[in-house]
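Chain nomenclature is as follows: A, B, C, D, E and F, assigned in order of appearance, with residue numbering initiated at 1 for each chain independently.
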Amino acid sequence: MKLNKYLLVAAAASAVLVPSLGLAQDEAAPGFDEIGPYIMTTLLFLVGGFLVMWMAAGFAMLEAGLVRSKNVTMQLTKNVGLFSFAAIMYWLVGFNLMYPGDGWIIAGWVGPFFSITSLEPVGLGAADAALDYASVGSDFFFQLMFVAATASIVSGVLAERIKLWPFLIFVVVLTGILYPISGSWQWGGGWLSEAGFSDFAGSTIVHSVGGWAALAGAIILGPRIGKYRDGQVHPMPGSNLALATLGTFILWLGWFGFNGGSQLAAGTVGDITDVSRIFANTNMAAACGAVAALILTQVVYGKVDLTMVLNGALAGLVSITAEPLAPTLFGALWIGAIGGVIVVFTVPMLDKLKIDDVVGAIPVHLFAGIWGTIAVVFYNSDASIVTQVTGIVAYGVFTFVASLVIWIILKGAMGLRVSEEAEVNGLDVAELGMEAYPDFTKG
Amino acid sequence: MKLNKYLLVAAAASAVLVPSLGLAQDEAAPGFDEIGPYIMTTLLFLVGGFLVMWMAAGFAMLEAGLVRSKNVTMQLTKNVGLFSFAAIMYWLVGFNLMYPGDGWIIAGWVGPFFSITSLEPVGLGAADAALDYASVGSDFFFQLMFVAATASIVSGVLAERIKLWPFLIFVVVLTGILYPISGSWQWGGGWLSEAGFSDFAGSTIVHSVGGWAALAGAIILGPRIGKYRDGQVHPMPGSNLALATLGTFILWLGWFGFNGGSQLAAGTVGDITDVSRIFANTNMAAACGAVAALILTQVVYGKVDLTMVLNGALAGLVSITAEPLAPTLFGALWIGAIGGVIVVFTVPMLDKLKIDDVVGAIPVHLFAGIWGTIAVVFYNSDASIVTQVTGIVAYGVFTFVASLVIWIILKGAMGLRVSEEAEVNGLDVAELGMEAYPDFTKG
Amino acid sequence: MKLNKYLLVAAAASAVLVPSLGLAQDEAAPGFDEIGPYIMTTLLFLVGGFLVMWMAAGFAMLEAGLVRSKNVTMQLTKNVGLFSFAAIMYWLVGFNLMYPGDGWIIAGWVGPFFSITSLEPVGLGAADAALDYASVGSDFFFQLMFVAATASIVSGVLAERIKLWPFLIFVVVLTGILYPISGSWQWGGGWLSEAGFSDFAGSTIVHSVGGWAALAGAIILGPRIGKYRDGQVHPMPGSNLALATLGTFILWLGWFGFNGGSQLAAGTVGDITDVSRIFANTNMAAACGAVAALILTQVVYGKVDLTMVLNGALAGLVSITAEPLAPTLFGALWIGAIGGVIVVFTVPMLDKLKIDDVVGAIPVHLFAGIWGTIAVVFYNSDASIVTQVTGIVAYGVFTFVASLVIWIILKGAMGLRVSEEAEVNGLDVAELGMEAYPDFTKG
Amino acid sequence: MQVKLIIAAIKPFKLEEVREALTGIGVRGMMVTEIKGFGSQSGHTEIYRGAEYAVNFVPKVKLEIVVAGSMADEVVRTIAATAKTDKIGDGKIFVLDVESAMRVRTGETDADAL
Amino acid sequence: MQVKLIIAAIKPFKLEEVREALTGIGVRGMMVTEIKGFGSQSGHTEIYRGAEYAVNFVPKVKLEIVVAGSMADEVVRTIAATAKTDKIGDGKIFVLDVESAMRVRTGETDADAL
Amino acid sequence: MQVKLIIAAIKPFKLEEVREALTGIGVRGMMVTEIKGFGSQSGHTEIYRGAEYAVNFVPKVKLEIVVAGSMADEVVRTIAATAKTDKIGDGKIFVLDVESAMRVRTGETDADAL
C-alpha cells in the first residue's frame, strides 16, 4: 500500500530521534555492498524495459507512416494488438519456455510449455533474492519487451493486405512458442550457448527471427495488388513521413535500453562502464547507418531518399546489436555503416524478387541482423565465424520453416488476404469501417 | 555551478594521489548504507516524475487525434495550457495543501491554503536530509505530475465546444484547490487513510476525480451541436487515429512511472523488487484491457474498433492503478480485462444519456477508476469493501458537487460555450484564428 | 558477451552456497562507499543522455510541424542527417577539442584537433576508474547530445529554402570545430571558466551558439520568397501544429536530462537533491514561459497563439538553463516567464528586420539564451554581470563571425539556396522527389 | 429531353442541411467538392505570430447536381432557401446546360440516368 | 470547330484503368478531382464507438475532360466501359458544350489546345 | 444578359498572381480547387526506394470564374498572360455558357449576382 508522505516524514523524524533504531536496522539488513548490485541491475532492467516497450510505439508510428492512408487504422490496430497479445503469451508460456533453468523437456533444445510466469512475493527479503542478478519481475518485464519487437517486424512487412485475425493468431504462436523456443537455445543456456554462439542483444535471436517469420509470410501472402504490374515496380509511397521519422527516432531511443539493458548487470564499475560503452556504440552505429544511406542514395539515385535514411539508421542499430560492447567507436562506425549500405542495395533487390516488404523490415532486421551476427567475430575474440554461421542458419531454418507451415495452415483455415476490393478501397474502410484521417480528402 | 570535466578529472587524479583525502571524506560523510536508499528513492521520483510528465504529451496527442481537425489547435492549446497552470498552482497552493504534515486547518480534512512550496537548500547535507524518504524536490516534482493528469482528463471530455479561458480557470481551481484537498484525505494522511482506504497510485484520487470533474462539466456544458439529433447519435470521428494511438502508447509508457513511482521507495531489495512487480502488473493490465476491447468490439459490433481498443488499454491501466502491487500477473490480467470490458459497454451508455464525452475519458478514468478501487479488495487483505466504497463515494460527492458549482458559476459569469457558428466552423478558426492543418483540404 | 539468465542464476545459487566466495569478492572489490557515486553519476549521464538524445526527435517534430507541407520531407531529412553527422564529428574531433584536459594547443583557447575519442576498455576495473566522476563513455554520450541540439537550432531557422548539402556541411563544421572550440573556453576549463563565467547547462554555450550560427545563416540566405512582399509580412503557417506541439513536449521532457544531467554528479545526498531541485525549476520555468506567452498573446493580439505558447515554453526552458539550480521555484517562475515575454515581442521584431526565422528559434534560443545567462547573477552570488556579459559577447562574436565566413564560403562554392521554382514548388518534390504527405490533397 | 447542371458554392456547415432539403424534393445524387472561395467575403485579416495578413480564400463547398430541366428551378430555389444565412459569403448558384447524361452501371441516358 | 467537356464521376480505384484506356484512344489531358459522391449507393451504415450512423457520402473521383466534339462519344463509351463494375455506385458521365478552349503556353485555341 | 463560366487549370504557384491580376480587372469572385492534372507535362519519372516510376498526375489548381459575357475575353487573356511561364504544363482555359446565376444572400440573378 502506498505510504503517505506525512507518515513517511514522521518515520524519518523518529529515525532521527532514535538513531539506535536506524542502527538496529543496519545490523539486520544487508548493506549496499551486498544489495547495491541487485538494486542497480534491477533498475537497469526497469529503465531498459520501458525504453524497449517504447519501441512498440516506434514500430507503430514507423509502419503507420509508411503505409498508404487508407490502411493506417488497420496498421495501428495490428501494432497495438500484437503488443498486447505478446504480453499475455510471454507470461502464459514464453518466458519459462525461453529460460527453462533446469526445466528443459529436451535438454538445450526445448523448455517447458505449461509453466506460467510468477513473480517474487511482495516485499521480498534480501535473503531470498538472487543478489547476483536482479528481480524476476524486472527480468520478465525486460525480456517481454524483446518478443514484442520481433512481432512488430512481421506486421510491417505484411501490411496493407493481410487480415487482422490471421495475423494476430500468428503473433500468438510466434511470441508464445517459436521465439521462446529458439531463444532458449542461446539465452536460455541451450545448445547454441554451449556451442559458443554469440549474440549479445539479439541481432539474430530477435531481429532475424522476426525477419524470417515475416519473409515466410510475405512469400505465402504475395505482393500488394498492383505493386508489380507488367514487369515493373509500382511504388506505393508512405502516407506520412513525419510519423515514419518519429517512429525511427523512437526506435533509436528505445535501442539504448535494448542493447544497454542486455549487459544484464549495472552494479559494478565494470558493468556500468560497459553499459556506457554500449550506449555510445549503439548511437554511433545508428548515425553511421543513416549517413551511409544518405550518401549512397545521393550517389546512386541522385537524390537523398528519406525512407532509406530511416531504414539505414535502423539497420545500423540492428547491425551493432549482436555485439554492441566489444567494438571500439570506430568499429561501431563501420559495422553500422555497412548496415546502411545493405539496406540501400537489398530493398530494390527484394522488389526484383517480387517480395513485397512494405516498410523495408526484411533488409533492416533480417539482412542487417545476419551481418551484425557475423560482424561479432571482428571484435569479440571468443566468437568464431563457424559458430556464428551455425547460429544464423539454425535460427533461419527453424523460424522460416515453422513460420511457413503456420502461414500455410492459416491460409488454408481462414485465408490470409482481404478481398481484392477491400485491398483496393483500403483495409480501414473495408475491414474496420474506420478511417485514420477521415477529415482529409485523399489525393 | 557546473564543474567542468577538466577540473573534475584533476580532482579525481588528486584524489588518487592523496587517498587520505578520500578516506577523510569517507569518515565525514555517511556511507551508502545510510544514504543509498535516499538516493535511490529520489532517483525513482525523478525518473517516475519525467515519465508521468510525458503523459501530458500523451493526453495532448490522444485528444488532438480524437477531435475533428477544425478543433485540433484549440485542443493542443488547452493541453499545453492546463499543464502549465497546474504546475504553477500546485507550487503556489496545491502541494502543501495536499501534504499538510502537521499544518492541518481542519485535521484530516483541510490543509493550509497559503503555504507555498519551497525546496531544500542547494547542496543539502546528509544530516539534514530525510534519509528514510527522498528529497522534497523530487517528491514535489513527482506529485505535481499527477495533478496535471487529472486536469487532462477534463480537457478531453469537454473538447470541441468549451471556451479556452473558462476551461483554464476551472483547471486553476481543480489543480490548486479541489484535487489537493481531496488528495490530502488519503495521501496527506487525512481521515480516509486513517479509515484504511486503499488507493495505491490513484484510481480514485487521480483518475476518478478527473472523471467526476469532467462529468459535471459535460452536464452543464451539454453535447456538441448535432451529436444527438432527432433521437439518434451522430458520431464525429476523430481526425487523426495515428496521433490517438501515439498518445495511448505515451500514456502506457508514462504509467510505469505513475504506478512504479508510487511505491515511494526504491532503496531496498524489497522495494525495488516491488517496483518491478508493479511494472509487470501495469503492463499486463494495459495489454488485457486492449485485448478485451479488441475481442469484444469484434464480437459485439462485428468489427474491431481501434478507438475502443485504445480506450481499453487505458482503462486497463486505470483499473490496476489502485493496487498494482498486490495482484499476481493473473490478477492484473483479469482486473485489466474488466477495465476494457467496461469501456466497450459504457461508451455507448453515455451516448444514450446524451452525455457527450469526446474522447471516452469518463468510461476510462471514472468508471474503470471505480472498478479498480473496488478490485483492491481481491488481492489486498488490508482493504475492505466498505472503506473502499466510502472512499469512492467521498471523492465522488466532493469533486462532483464542487465542480458542478464552479462550472455553474463560470457559466453565469462568462459563459462556457463558444457561439454556435464558432462551434460549427471550428474553434481553431473562430477562437484562435489558426488552423492545425492549414495546408490540407478538409473532406 | 551477454550472460544468459540460466548461468547467472546458477552463479547466484553458488554464491549462496559458498558465501566465503562472496566475502572474498567483497574484500577484493571496493565497496559501494567508493564506487556508488561513480555508478550513480554514470547512470545520471546515461539517463540524461538518452533524454537529450530524445530532443533530436523533438526538434525534428517541431520543425516538421512549423514548415509548410511541401517542405516537410526535407526538414525531416535535415534533422536526421544533422544528428547523425554531429555524432560522427563529435567523436572524430569535437569531444577532445572541447575537453582538452592538458592537451591545449593554445592554453584556454584552442584544444587539440586530431584527437579521436576512445572509451575505457571493456570490464574496467574500479582501480582504473575516475571514481570521483563517471565513465568516459557516459560522459561522451551525454556531451555528444548537446552539440546535436545546437545544430538542430540552425536547421529550423533556415528551413524551406536552404539546400541539403551546404546545410549538412555547415553542420559538420559547427559540430566538429566551432561549438567544441567555444565550448572548451568554459566547460573545457578554458579562459572563460578561469574568468568566472557561469553557464550551468548552456543557455549561451549551447543555445545562443546555435542561435548565432543560425542568425548568420539567415542573413546570408535571405528570407523565403514572398515572406516580405510589398512592405508587408506574409505569414506562412506551419502545416501541422499537432506535430509542433508534440515536438515541444519532447523537448520539455528532454530538458530534464539536459539540465539535470549537467549537475555532473548524483552519488551524494547533496548532488541528487540538487538534481531534484533542477528538475523542479526546469519544469517551472517552462510552464511559466508558456503561460506568459498565452496571456500575452491574448492581451496583445486578442487571440491566443499556440505557436507562440510553444515557443514560450521553450524560451522558458532556455532561460533557466544557465542557472537551473540556484534559483528558488519563484525565481524559476519569473525567469522563465520573461523568456516567454521575450518570444512574444521579438518574433515580430525579427520580421520587421526582414530576418526570416521559420520556427522562431532565434528568439527562443538566442534572445532567451542571453537573458538566461544574465539572469544567473540574480541567484548565483559567484556570478558577476561583467563576466556574464563578457561570455555572452565572446560566444556571440566568435560564433557569428566564424559562421558568417563559412556561410559566405559555402554560398560562393556551391550556392546555399534552391532555385526559385524549387522553393515555390516545395523542396520535397523539387529536391528529394518525395512528398511527406503524398495521399493528401493540399489546400 | 433537357438536362441541367447546377453548380452551387455554399458555406460548409450548410452542406448537411442542403443535402437533406434536396433529397426532400427528389434529388437523387450530387457531387460535392471542397473548394477555396474568393469573393466579397474574403479579405478579412488574421494574425499569425504577430503578423497581420489578409485571408483571401474562405473554405466553401461546391455542389454539382445534374437534374432534369423541369426540376432545375426548384433545386435552385431549395438551395438558395436552405443555404441562406443573410450573412456575406452565403454563396452562388449557377445553372448550365447539359448535352447528355449517362449512368455507367446501366447505360441509361439523360433523365433516366439521374 | 466544336469542343465538348466531359464530366465523369467514377470509383476511385478505377482511375488508373480509365486513364490508361483514355490515353489509348488519344485523350491527351484531363483534370482529376477527389469528390464526395451522393447517390443511390449512399446511405449504408457504419458503427463508430458503438453508435450506428449513415454514411451519406462515398468517395468518388471526378474527371473533367475537354475533347473535340468528334471524339466525345468515343470518350464517353470508353469511360463507361472501363469504369463499369455493374455494382451500384459506378458513377455518371455528363457532356457539356464548350464555347472555347485555349492552351496557356502557346495561345493555341479550341481543338489545337487539347 | 449573357454570363460565362471560365474554367482554367494553372500551376499552383501562379494562383496568387492570377488572383491579383483578376481582381485588378474587376473579377469579384471565383472558386478554386486543388486538382491532379494529366497532360503532356505528365509522365516524368521519380525514384522511390530504388524503384523508378512514372508520375502521371501533376498538381494543378483549377479556377472556376463566372463573369458577364462582355468580360469573358479579358478574363481569359488576363489568366493566359499571368499564368504563362512558357514551360510545358502552364495549363488550359475553357469557356462555357451559363444559363443563369444567382447570389444566395440577396437572390440577385445573372450579372448582378457576380
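Please note the rule applied: a residue touches a chain if its C-beta (ideal position, glycine included) is under 8 Å from a C-beta of that chain, and two chains touch if they have at least 3 such contacts.
Source: prediction; values computed, not measured.
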*Count how many hops through touching chains it takes, at the least, to reach chain F starting from chain E.*
1
*Chains shared as neighbours by chain B and chain F?*
A, C, D, E
*Between chain A and chain D, what's the gap in Å when you average each chain's C-alpha atoms?*
53
_Approximate Å spacing (C-alpha centroids) for the pair chain C, chain F_ = 47
*asked:* Suppose each chain is reduced to the average of its Cα coordinates; what separation in Å results between chain A and chain C?
replied: 29
*Indicate the residues of chain D shared as contacts by at least two other chains.*
33-34, 36, 47-48, 59, 96-97
*What parts of chain B, by residue number, touch at least two of the other chains?*
31-33, 36, 43, 47, 131, 237, 240, 246, 303, 305, 307, 433-434, 437, 440-443
*Report the complete set of touching chain pairs.*
A-B, A-C, A-E, A-F, B-C, B-D, B-E, C-D, C-F, D-E, D-F, E-F
*Give every residue of chain C touching chain F within the complex, in rising order.*
226, 421, 424-425, 433-434, 441-443
*Complex contact set, residues of chain F against chain A*: 34, 36, 47-53
_Footprint of chain F on chain A - complex, ascending_ = 232-235, 237, 300-303, 305, 307-308, 344, 347-348, 351, 360, 443
*Which chain F residues qualify as touching chain D in the complex?*
3, 5, 19, 28-33, 64, 66, 96-105, 107, 113-114
*Give every residue of chain B touching chain A within the complex, in rising order.*
31-34, 36, 40, 43, 47, 51, 68-70, 99-101, 130-133, 139, 186-189, 193, 198-201, 237-242, 245-246, 248-250, 252-253, 256, 260, 262-270, 272-277, 279-280, 283-284, 286-288, 290-291, 294, 303-307, 309-310, 313, 325-326, 328-330, 333, 380, 382, 437, 440-443
